[in-house]
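Both complexes shown next keep chain A, but they swap its partner, so chain B is in the first and chain C is in the second.
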Partner chain A sequence: MSSEIAIFASQVKKSFRKNPRHKEKFPVLNNLSLSVTKSQSIAILGPNGAGKTTFMKALLGLVFPDSGQIQIFSHPAGSQMARQRLGFLSELPLILDFLSRQSFLNHFASLISDAGHSKDNTLDTLIQDLIGNIPIDLPMSSYSKGMMQRLNFARVLQKDPELIFLDEPATGLDPIGQLNIVRIVNRLRELGRTIYVNTHSIDFALEAADRVVVLHQGRIVTDQMCKDISRSELENLFLGLDSIRS
Partner chain B sequence: MRGECMRAIWQISRDVLLEARRNQLFLLTLGLSFTLILLFTAVSHVEESLKNRLFSEISMTLLWLMHFILAIFFVTESLYTDVKDKSIYFYLVRNVSRQQYLVGKYLGFLTAITVSILVSGLTVLLCSTWLNSTLDVKLVWGLVFLIWEMALIVSVLTLLSFMFSKLITVFLFLFLFFFASLLEYLSIDSGMNGLLSGLLFLAPNFKYYSYMEMIVHAKAISSKYIVFLLGYTGCMSLFYLIATSLQFRSREL
Partner chain C sequence: MKLPKLSLLVLKECIAKNVLGIHLFYIIVLFLLISFAQGAPDVFARRDLFLDGGMTVLFLFSLFFAMTVTFPMILLDLKENRLMIFLSTYVSRSRYVLHKALGAGITIALNHIILCILTSLSLYIVYETHPQWMFTVYWAIFLESLVLASAALFLSVTLSRFMAMMSTGFLFLIGHFTYYIEYYVNQLGNPLAGKIILNLYSLLPNFEVFGLKNAFLTAKTVPDFYILWLSVYASGWILVFLLGTCLWMEKKEF
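And then the complex of A and B:
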């Protein structure tokens, strides 16, 4: 396994105002440090308000930390060099309901620069698997949620991103849809892609990741390889966090 | 590299045009404009006294009003929806920079509104020419200024939309517009002191109405004044676009 660092975050702090009219801020990320090597698959677990989404946004360059350092493949988060190498799948699938399957994919492929991407797209087969049974001519408005999520996954995989961020990718999908997402993530792992996934599901984390990190109140509570921690241990950890919160 | 930058801007502008084509507000604007212009033409044809001045005034004011309302709702809705449904992430996370997104959106808005103005403006010109048996060049310039003023309106709306919620943006924009128009009216009518002149210089000053006033009152319009209007509005649009870019660069999403 390569030892190149895909994600490097050091002492990241971020706080938000409770209300625009109040000066008081509450911390969302508390000196959070995390390092993810290339080709690793990491799942971030945590209750609502733990800071998962804010941390992912900071890694994507959408939110700016108050202090600390974030790098993606040794480039500052949000910089063009960092953005070229990543893909992002949101919890809410992007819907351009008037576009058909191929128009949707072409539309986003044309927005992505060819610079820094290999010509032999190793993810082409996977993309074909994802969109294979989605109707070619029908507009997106006629697709099921599972189809939309798979089409969006295919969009993310265009032009070979090395680091893929997934935000609650299985939320709202039926069990078959959820299994499909796990299967795709595992294929990506086999192909050596680095995966960073935010999830509420312990099962999903254990099935689709090499490493699991639990966040609570902007801090890392546990950071272990999946093979070293059991489902029941994670459940107990969560129940413990819940009792702290209540 | 430059080609890719332009391609991203073009793609985002194209998205806005596709959005506009499907937006019923555009169809409504065009439909109402056509209906009212044809109605004015019919009335002017019957009533001789309306033919020249009044037809021009009513039609051009109508075009301005319809597109003013269209710009407010289309620009604020589009930008607000991009943030609300998080589609802005899909552009910004990968290869589109914030500046490219902003410029693409701005050009898309302006092109969509320009197309609508040109389509309904052409109808006004045809009707005016039919009524008066001659092409009124002042009306052609009126259309140019209207489009130019939309560039300013869209840039101010874009800045406000990135800073405030949809409702506040609309109210603030209307306040700014009426305040600037009041200052403009005072400056034409009675001259102003230093403070008001300063405010007038800083406010997004919409000049189209002044131009229309000159047409209505059949005043001579010099080429110097035309250059001033084009230059002033262009500079103000650029100023607000740069301010938006600076604001958007540090905005968290």
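And then the complex of A and C:
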């Protein structure tokens, strides 16, 4: 396995104001440090408000940390060099409801070429698997949520990213849709892509990742390889966090 | 020249949402205007009445269109979860703003051209005349639309939705109030207060400078350098608003 660092976060702190009118801030990320090597698949678990989304946004360059350092493949988060090497699948699919399947993919393909990115065709089969049964001519407004999510996954893959961020990718999908997402993520792992996934599902984390990190109140409470931790241990950990919260 | 894809997307989205359907309303308004002008005593009065009304309607349609296209442009991307994906994976923040603004500019220009063609055609068909100065007025209205659109874009990202709408409207109204401001300043009787008010006014875009219709209708000549100055003035304000939008977006968290 390559030892290049895909994600490097050191002592990241972020706090938000409780109310725009008040100066008082509450911390969301507390000195969070994390390092992910290339080709590793990492799942971030945690209760609501643990800081998972804020941390992902900071890695994507959408939120600026108060202090600390974040690098993506040794480039600052949010920089053009970092942006070129990553793909992002959000929880809510990106919808351009007036475009058909192919127009949608063509539009984003042209955005990639605008950015000067060269594409490797190794993922073409996977993309075809994803979009195979999505109607070619119909506009996106007529698609089901599963179709939209799969089309968005194809959008992410056509960029051929080395690092893929997935935010709750299976939320709202039926069991077959969820299984499909797990299958695609595992195929991407085989192809050596680095995967960073935010999820609430312990099963998804254990099935689709090499490593699992549990966040609570902006801190890492567990960071283990999936093979070293069982489902029941993770469940007990969550129940423990829940009792702290209540 | 290859247009950026984000700019084309703005145009495609407007076409898909039938935004350009406003031309049907415009044709109806032109018909009403022609029938209204028939009440005037002679053909010259009818023509001038139509020109006056036509230019006012064109001005209102163009400006309203410019605002409605630009105002939700970034807000919708934010609401519909597109902005995070565009900015995290595809384009830089400034590039996003500039490409979107270019798309809005093209859409506004396309709409304006269609409105101008409809106005000119109506005038030519009904009154068999077409004064040359109409092109100058068309250009001035287009410039004003772009200034207002860029102001709407800037305010839409910097303020809450309600405040942004109110502020854009306020900027438009106060920008057209400059015609009367000297009268009110004279009524004040306090030269210092008057000077302060006039200087404060010069910090805001003055939309009254684009109003060339009345000058032409009253047979006043508008020198060529004024049109050039007007273009530079509008470009300056557009640049200020776009730069402000880019700077704000660079600092904003999503």
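By definition in this document, the second predicted complex is superposed on the first by the 238 of 246 C-alpha atoms of A that agree within 3 Å, B and C clash if a C-alpha of one lies under 4 Å from a C-alpha of the other, contacts with A are read in each partner's own complex, and residues count from 1 in each chain.
Throughout what follows, contacts are C-beta pairs under 8 Å (C-beta built on N, C-alpha and C of every residue); 3 or more make two chains touch, one makes a residue touch a chain.
All values derive from a computational prediction rather than experimental measurement.
> Could you tell me whether chain B and chain C fit or clash when both sit on chain A in the superposition?
clash
> Does chain B (first) or chain C (second) touch A:L92, or do both, or does neither?
Both partners.
> When the two structures are overlaid on chain A, which partner does A:N19 contact: first (chain B), second (chain C), both, or neither?
So A:N19 meets neither chain B nor chain C here.
> Who does A:Q80 touch here: chain B (first), chain C (second), both, or neither?
In the superposed model, A:Q80 contacts both chain B and chain C.
> So, A:I112: does it touch chain B (first), chain C (second), both, or neither?
After superposing on A, A:I112 lies in contact with both chain B and chain C.
> Touch test for A:L62: chain B only (first), chain C only (second), both, or neither?
After superposing on A, A:L62 lies in contact with both chain B and chain C.
> Do chain B and chain C land on any of the same chain A residues, and which?
57, 60-64, 80, 83, 86-88, 90, 92, 94, 98, 107-108, 110-112, 114-115, 161, 165
> Could you please specify the touching residues of chain A with respect to chain C in the complex?
Contacts found on chain A: 57, 60-64, 78, 80, 83, 86-88, 90, 92-96, 98-99, 107-108, 110-112, 114-115, 156, 159, 161, 165.
> Taking the touch rule as given, give the residues of chain B at its contact with chain A in the complex, in rising order.
Result: residues 1, 4, 7-8, 11-12, 15, 18, 22, 85-87, 89-97, 250, 252-253 of chain B touch chain A.
> Under the stated contact criterion, what part of chain A meets chain B in this complex?
For this pair, the touching residues of chain A are 57, 60-64, 80, 83-84, 86-88, 90, 92, 94, 98, 107-108, 110-115, 161, 165.
> Contact residues on chain C for chain A in the complex?
Interface residues on chain C, with respect to chain A: 4-6, 9, 12-13, 16-17, 80-82, 84-85, 87-92, 253-254.
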